[in-house]
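Here subunit A shows up in two complexes: once beside subunit B, once beside subunit C.
Let's turn to the complex of A and B:
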């Protein structure tokens, strides 16, 4: 070691270079360029520096701010549904799958995970068909069990559309928390569970008192992944409801709002600068959320060494 | 080693061969949103042009309608767009012209074949420069199932009262959904609803120009009346129309499950292939018998030249040909429902298309109210009209509130309305 002191260790730079270059080209540069773009506007074909004017318009002008808060509120609801439905179901499924008594667990695991690898276009289209009042199987199935009165054209009603789409998204992505938690549960050593058994902690209480505390860090990671994915979401809403996120903007989330503004829609011309301002606001929201999690929660979680 | 050299040599010759082939012919690439028409362009229009103009190869490369504007803008900014650009009417193309992406075609020989109304969709506000050759318009009206009308025993309605009486009779009969339209995709409510029946109330061009000049407001009776009509439509649409999409509506009608379809003439070619019953069409019913009828005869498709094209001469040759009556004839007859805008007279073979185009002689033509100038600002009047029309049909908003909301939005940025 002594003779390597003072030498420039080129191999470190060489090995880091590919990843750094690719990441810079496809992530870091576009990110900062978007932030930069949000400080300009276009007047008579020329790009003009306007400082924070775009943000003043976005938050100060009722036409823009109403849409922004509507999208943010919808996004928060979208996230809440995922947190309340997707993650508990994911944990429950993982707990059931990791039970050694369950037969065909590999089959269930794959079956539940498959929607995750499907394209959002297929998922959006398939669910639109399932729920369609005309061709869909949902009204027929409800009719068969005498519950036809429960059927509503869910995707077309303001009060249900967002919740319906959130649940479709939950259906698609529930496999991810399930897999992560499943892996965490498998990594819990049997000795600990056996030691618990000696102390009289079995079955359900073993889950609540031993397994759950041990998988909390994984649940934390899943929560933050869900948060980032939900606030960046766009595809499912766009595939199912289009860029106007109907009915009456009730399914408009930040992603669709940004898309509409940035690229334009029908007669509305695209405005890359306002679009970038919205994208920057999204970036800020996600950054704040992740920071709260990292500094407020992650550091308080205790990790256990086996 | 030998094999690598050989492979290398082969590769080089292939590349050389490829470049040599392209150097001989000027290749024109057409950008378009009409992916439905791909077969017609490839089998009829392009071969006809290429037969007359050896040395020019044309390729039609459409993208999805909903994405076209965004895709085209990005391609033009990146310099990778095709030579020939299919033009959306009004502001989208005007912005491309202002940005220098579309070439000025005012002095193209073929331009003399078009009236100034036809050119209005693709000219600067003062009319001094025209940047796209007008290609086609679409006419709005209602397509109906003749068998259904016969079964229920009703005649084609010509007035508002007859229209609702017919809907009521079909509903009472129970075998057909009176009208096939949904509100899920939103635009049908505005395009096939509000802007379809509207010209009868705001008197076509008269009202449209008055609105642009600021002499009329969207809260005036002329502009609220169509909303009052739409508010009554909700009762006659199928169950769950709130989640019914545009393709759903098309299928419901062509499967013979609905009697009336609020339509644009572009549906004709698709419906001809799908429906196995006889179809007819009627123009939007007027308020009182004997009133002048107005129709939406909307300039919809133009075609222009990418200012950065590598083959400007070949592109101009192509555009001149598009302006000719030969193109009009091929286009109108292979795409019944898209009506040529040129002054040359064109014979239409399709009876349904002939019915639509016959309204040009008995009614006054106008274009969609929101398209020229009025959708330039934020909030966007066209998008808001979609939203308001849906809200009115669903009964979530009263016609007066919808009109007021649109007027407030328009007045917030459009000086003549302030």
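Let's turn to the complex of A and C:
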């Protein structure tokens, strides 16, 4: 270090100040302020301390708790589909792409990543139009392969809408696990694979026995990223189904539930304090997920440094 | 093909899978784009056909240009994205330099504090952010969005950039110090040019989420004159739901800028992701 001890090194403060100030003022302070606001309510246009009453309403009052558990359950299903569909497809595509001497792999990578760069608004409406029974692209295509009887207005049926939207989201985001796993696969040194080949482990079994264990840490990171993104998702549902997350709240997730509560809709007035209570619940859920990952999963996955 | 039949069989299968998935990935975009150039009748009669002389029509785009202020929305999105990225890179690299270069009390703690925001989404604090923006009069301004996106982007930027800055050689910096350069000059003249690739990675990572965000424009800046392209197209499409030409054209217009950005930056983006910047 250039400076002697005892002298105040102002430049450190100058370097840190802008980032710390903006980050604290716009992110950390509002975060805790939101947690604080969940302990208040508004009576006669004055803010009144009510302790945990908002949470008692949220979990105890059937009108609220039904909506909350519905949103949480839907959110869990949303996440489950991502884990079961998005990640395996991502891993499979990455495994194929990383095979040596594959031609056009840069083209495939760029093309498959395109949906990921589009906004939810575009993706939501595009799929809404494609799946629409009015336009008839989806039924027309199913008809062409003789499966027309399978067609349903998926986004309009309570039992299919959430799964359909989850799959749309999977379609959009498959690029991210694909890229991260692809990077992880490329970083496996050839010597390890060659050593495996000498022992007679090739192609498919090389993938299961050598590569997969080595990319587990990357799969862990992808899982937690997916978890955080899914539990504060909002845009896709809002763009495709609106704030009411129809049909009959069957696609309601925590993000849309919070938005409706906070801003109000139709006859219900917006309530920032109940909105804060839901945000606090979301914060808790995300925190639990991140902690499970950091302390439960990440430590058990061995990372290999090559 | 000089390869053994078995390998070429695997290769063909690999290409078949990849081509299938590429078609799945591009199909919706393709359908939207081709139909935006067709007459209403043709859109419904044969949605998968390319526009030809008979079915070609720009009526949708005419409606979009007449009814929506897409140039204004585009300009707003551009301002928000460019200014936020500049601030993220400037503030982020300064803080990253402080953390990577100097040993001081609370260094690790400060690093952890700034890293908190990587995992916790800023949306959780929306209620209080809106309240703050209302009380400071920033609601319905682009400044509000810029502040939020800067705060959102900083944690990951600091994290990635400080990893990179630890790799900058000490000899270079010490040589600068012997020559009498101030710490500021060492940072701006010697270190910043060397971490340019990492800065590009951070910029590309932040660019797309900022450009595509719907939540904060909807809540903090829904007024007509500050609408971003994402919110503007969402509202426009909501109003014109039954006018398929207009909806398809608006979607195509919203796709266009991101695609242009992607074509320009895709190498950087893919290199950034695959270089292990997000470990």
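The rule we apply is simple: the second predicted complex is superposed on the first by the 293 of 306 C-alpha atoms of A that agree within 3 Å, B and C clash if a C-alpha of one lies under 4 Å from a C-alpha of the other, contacts with A are read in each partner's own complex, and residues count from 1 in each chain.
The rule we apply is simple: contacts are C-beta pairs under 8 Å (C-beta built on N, C-alpha and C of every residue); 3 or more make two chains touch, one makes a residue touch a chain.
This one's a predicted model, so the numbers in the text were calculated from it and none came from an experiment.
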item	value
First (subunit B), second (subunit C), both or neither touched by A:114	second
Partner chain in contact with A:183 - subunit B first, subunit C second, else both or neither	second
Which of subunit B and subunit C A:205 touches, first, second, both or neither	neither
Contacts of A:244 with subunit B and subunit C, given as first, second, both or neither	first
Partner chain(s) touched by A:135 [first = subunit B, second = subunit C, both, neither]	both
Contacts of A:234 with subunit B and subunit C, given as first, second, both or neither	second
Contacts of A:26 with subunit B and subunit C, given as first, second, both or neither	second
Most subunit A residues touched (candidates subunit B, subunit C)	C
Touched partner set for A:65, first subunit B, second subunit C, both or neither	neither
On subunit A, the residue positions that both subunit B and subunit C contact, one per complex	135, 263
Sites on subunit A touched by subunit C in the complex	1-2, 9, 11-12, 14-16, 18-20, 22-23, 25-31, 33-34, 37, 89, 92-93, 96-97, 99, 102, 104, 108-123, 125-127, 129-130, 135-137, 140, 171, 174, 176, 179-180, 182-183, 186-187, 203, 221, 224, 228, 232, 234-235, 238-239, 255, 258, 262-263, 272, 275-276, 279-280, 282-283, 286-287, 290
Residues of subunit A defined as touching subunit B within the complex	45, 63-64, 128, 131-135, 139, 152-158, 241-244, 246-249, 263-270
Residue ranges of subunit B touching subunit A (in the complex, touch as defined)	66, 69-70, 73-74, 90-92, 95, 98-100, 182-187, 238-245, 248, 251-252, 370-371, 375, 378-383, 386-387, 390-391, 394, 396, 409, 412
Subunit C residues touching subunit A - in the complex, by the definition given at the top	10-11, 14-15, 17-18, 21-22, 24-26, 28-29, 31-32, 43-44, 47-48, 87, 90-92, 94-95, 97-99, 102-104, 110, 113-114, 116-117, 119-132, 147-148, 150-152, 154-155, 158, 174, 177, 182-184, 187, 208, 211-215, 218-219, 230, 233-234, 237, 244, 247-248, 251, 254-255, 258-259, 261-262, 266, 269-270, 273-276, 278-279
